[in-house]
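Listed below are the structures to be examined.
The following pair of complexes shares a single chain, subunit A, combined with subunit B in the former and subunit C in the latter.
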Partner chain A sequence: MNLDIQVTEGEHGNVAYLSGEVDVYTATKLKETLNPIAEQKNSDLVVDLSEVNYIDSTGLGIFIGVLKATEKSGSTLKLTGLNDRVKRLFEITGLNEVIDIEVDGRKEAK
Partner chain B sequence: MEETKISMYQLYKDMLTSYLKSKSEHALYHAQQFSKEMMEKDMSPEETVSLHLSVFQELAEDLPEEVVDSFDLLLEVMIGYGLAYREHQSLRDRQQQLESELNVAARMQQSLLPRGEISLDSVDLGVISVPAGKMSGDYYDYALDEQENIGVAVADVIGKGIPAAMSMSMIKYAMDTLPEQRTRPAELLENLNRVVERNIESDMFITMMYGFYDPRSHQFYYASAGHEPGFVYDAHNDSFRSLEAKGLVLGVSPKVRYNEDHLKLEVGDFIVLLSDGVTECRVDGEFIEREQLVEMIRKYKHLSAQEIVDKIFLDLEKAQEFQLRDDFTLLILRRKV
Partner chain C sequence: MTRTSDIIEMKVPAKPEYVGVVRLTVSGVANRLGYTYDDIEDIKIAVAEACTNVVNHAYEADQEDNDMHLNFGVYEDRLELIVADRGGAIDVEKLKNERGPVNSGQAIEELKEGGLGLFLIETLMDKVEIRGDSGVMIIMTKFLQRDGVDKSDHGVSEEIPKQ
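Showing the complex of A and B:
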């Protein structure tokens, strides 16, 4: 399974559209794409996961690394479009408490 | 070396003479033996070709010049093969060396895990932990304190292999420095989180569930750091429910508070702790559902805790054609009296 990443620059920051599986095989590609964006000063990054059906623990680690990078650079990270299985993974690991996750257009308490 | 060359020359000459005379299968068999011996003596392919030419020149006099010259070309080609062969040999030696280092590391890692059965009147304990490769990113522990409280833990380092194994040993060492927190699960996780956060790569983390059973009050106290939920079996109602506790994975944020929860175990009730290598087993290409796992445990629940975890591992290993994708750890703690 592959992972396709499209990044668009909008007026409210960057949006990365992911499609495929985020796992041990695609994690490096995701890291290399998202980390430089997260390291930019005071920028907002939204990651759209609508087309992602599976994330493994290595994939979760990439999001943690990106979160830490945005905190360092004064930027923000937001995830949108999580399916139930992916959402459950963020809930079990408690990461929904530290990462801004938008559910059905509504923001979850941070 | 010179002697070897002479004896190989003689050997090859005898072999070729006999083959040219009889064209028998038997002589071909000798050629196979000869090639084995060549490799043992580190003779290169080009040396064999040149050996063939010298022997042949002696046997068949007046070889046409073209035939002799054509061997120059063949020799040149074989030199390439010879280099590749020698490179292969040195890689093979290097691989053997790495493999033996890895075996030593794997044995060291095994020594970090508790050994020996705990045989108690109060509880029945069973655990199995099998790495996907040689080394494991899963950690488990069980330990008794002086009051006969029994502490149990399962932790899972993200990823697998050597990096995961190195982080796993960090949990073990940190646990050893926190003996007084063994009866305070939330505090234990808070302390481990501080150690892990300071010592781990930014995109790595560890999940862990820790609990302890007090055989006097029959209470099981537990806390979780983002770990895969376990199960609780209620013997009276013959039902399973999830053993969940909220809490962030270890290593993300320096100051994290964990919630501690507790439940009462009646006689025959048991706790199941696991790593995600269990729930990420794929059967027929699909991840097994937690309900399927519950059914497997139910099927074996009349057995001892150790027999249950062993049987479930064998079933899931077989269903995956004996190829584990992730480290697999399963632990059961049952109240006996």
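Showing the complex of A and C:
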């Protein structure tokens, strides 16, 4: 029941690799890691969720907060690697309409 | 058919680190009953959302009785999960008015970080009841889907013959 976060700074911006569970316990750590990056001027943030097997509304709320921060700083936010369960939650809540989610090319929409 | 039931009760501190413990427990119970993988994941999220509400909203920092009270009713055809706190009476209608999905027409700066939890509970579970007499009590039911049994049949008792 932990969350591991690795951030790499690349040419095109920052990539945050998350691994584990995003819930009310791990949320603080995620927020404290991602928000400062999102507040940097004109940088792109990609969050890789391939290794995330659980997320709930607390995690979704954090991504809303990060999205707001990127809007303010002229940066962008993109989520990648969502498994079907995680993707479903973004769809149910309508968040896929406001957050840029990169769909895996191998899995075509039904 | 559904007369007998097993009851599992837990009382855990309303702290973030215990929400995962509750999630694992309910996952074990649901797994034992034979729910599908997707249903188990739905149940885990719904229970975690209810617990998260307790952790975030029920108690003041210095309050003494600050536990979440959990009651899992195990029936042959369903799970009835109750998550309750003793944080004092609340206005259930107000709580309900704040819930809902994200509206894509909204400006990004107007999006709210909260309000998704209750919406998710109601979306993922089959039946949800909220009471607010002495604290928030959320009663959630998830029916066990078996082959050839239509979901809509579950609302009425199966023993009563149709007239």
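Couple of notes before you dig in:
Heads up, the rule we're going with is that the second predicted complex is superposed on the first by the 104 of 110 C-alpha atoms of A that agree within 3 Å, B and C clash if a C-alpha of one lies under 4 Å from a C-alpha of the other, contacts with A are read in each partner's own complex, and residues count from 1 in each chain.
In this text, a contact is a pair of C-beta atoms (placed from the backbone, for glycine too) under 8 Å apart; a residue touches a chain by one contact, two chains touch by 3 or more.
Because the structure is predicted, anything quoted here is derived from the model rather than measured.
With subunit A as the common reference for superposition, the partners subunit B and subunit C occupy clashing space.
Once the two complexes are laid over each other on the shared chain, residue contacts for A:E9 go to neither subunit B nor subunit C. Applying the stated contact rule after C-alpha superposition, one finds that A:K68 touches each of subunit B and subunit C.
In the superposed model, A:V24 lies in contact with both subunit B and subunit C. Of the two partner chains placed around the shared chain by superposition, subunit B and subunit C are both touched by A:G94. Residue contacts after overlaying the shared chain place A:E51 against neither subunit B nor subunit C.
With both structures placed on the common chain, the touch criterion links A:E32 to neither subunit B nor subunit C. More residues of subunit A lie in touch with C than with the remaining chain of the pair subunit B and subunit C. The interface of subunit A with subunit B overlaps its interface with subunit C at residues 24, 56-58, 60-62, 64-65, 67-68, 92-95, 97-98.
Of all residues in subunit A, only 1, 21, 23-25, 27-28, 54, 56-58, 60-62, 64-65, 67-68, 71-72, 85, 89, 92-95, 97-98 touch subunit C in the complex they form. The part of subunit C that touches subunit A in the complex is made up of residues 16-17, 19-21, 23-24, 38, 41, 44-45, 48-49, 51-52, 55-56, 101-104, 106, 108-109, 111-114, 116-117, 119-120, 123. Interface residues of subunit B facing subunit A in the complex, by the touch rule stated above, are 156, 158-159, 201-205, 207, 225-229, 246-249, 252-253, 276, 280. In the complex of the two chains, the subunit A residues touching subunit B come out as 24, 31, 56-58, 60-62, 64-65, 67-69, 92-95, 97-98.
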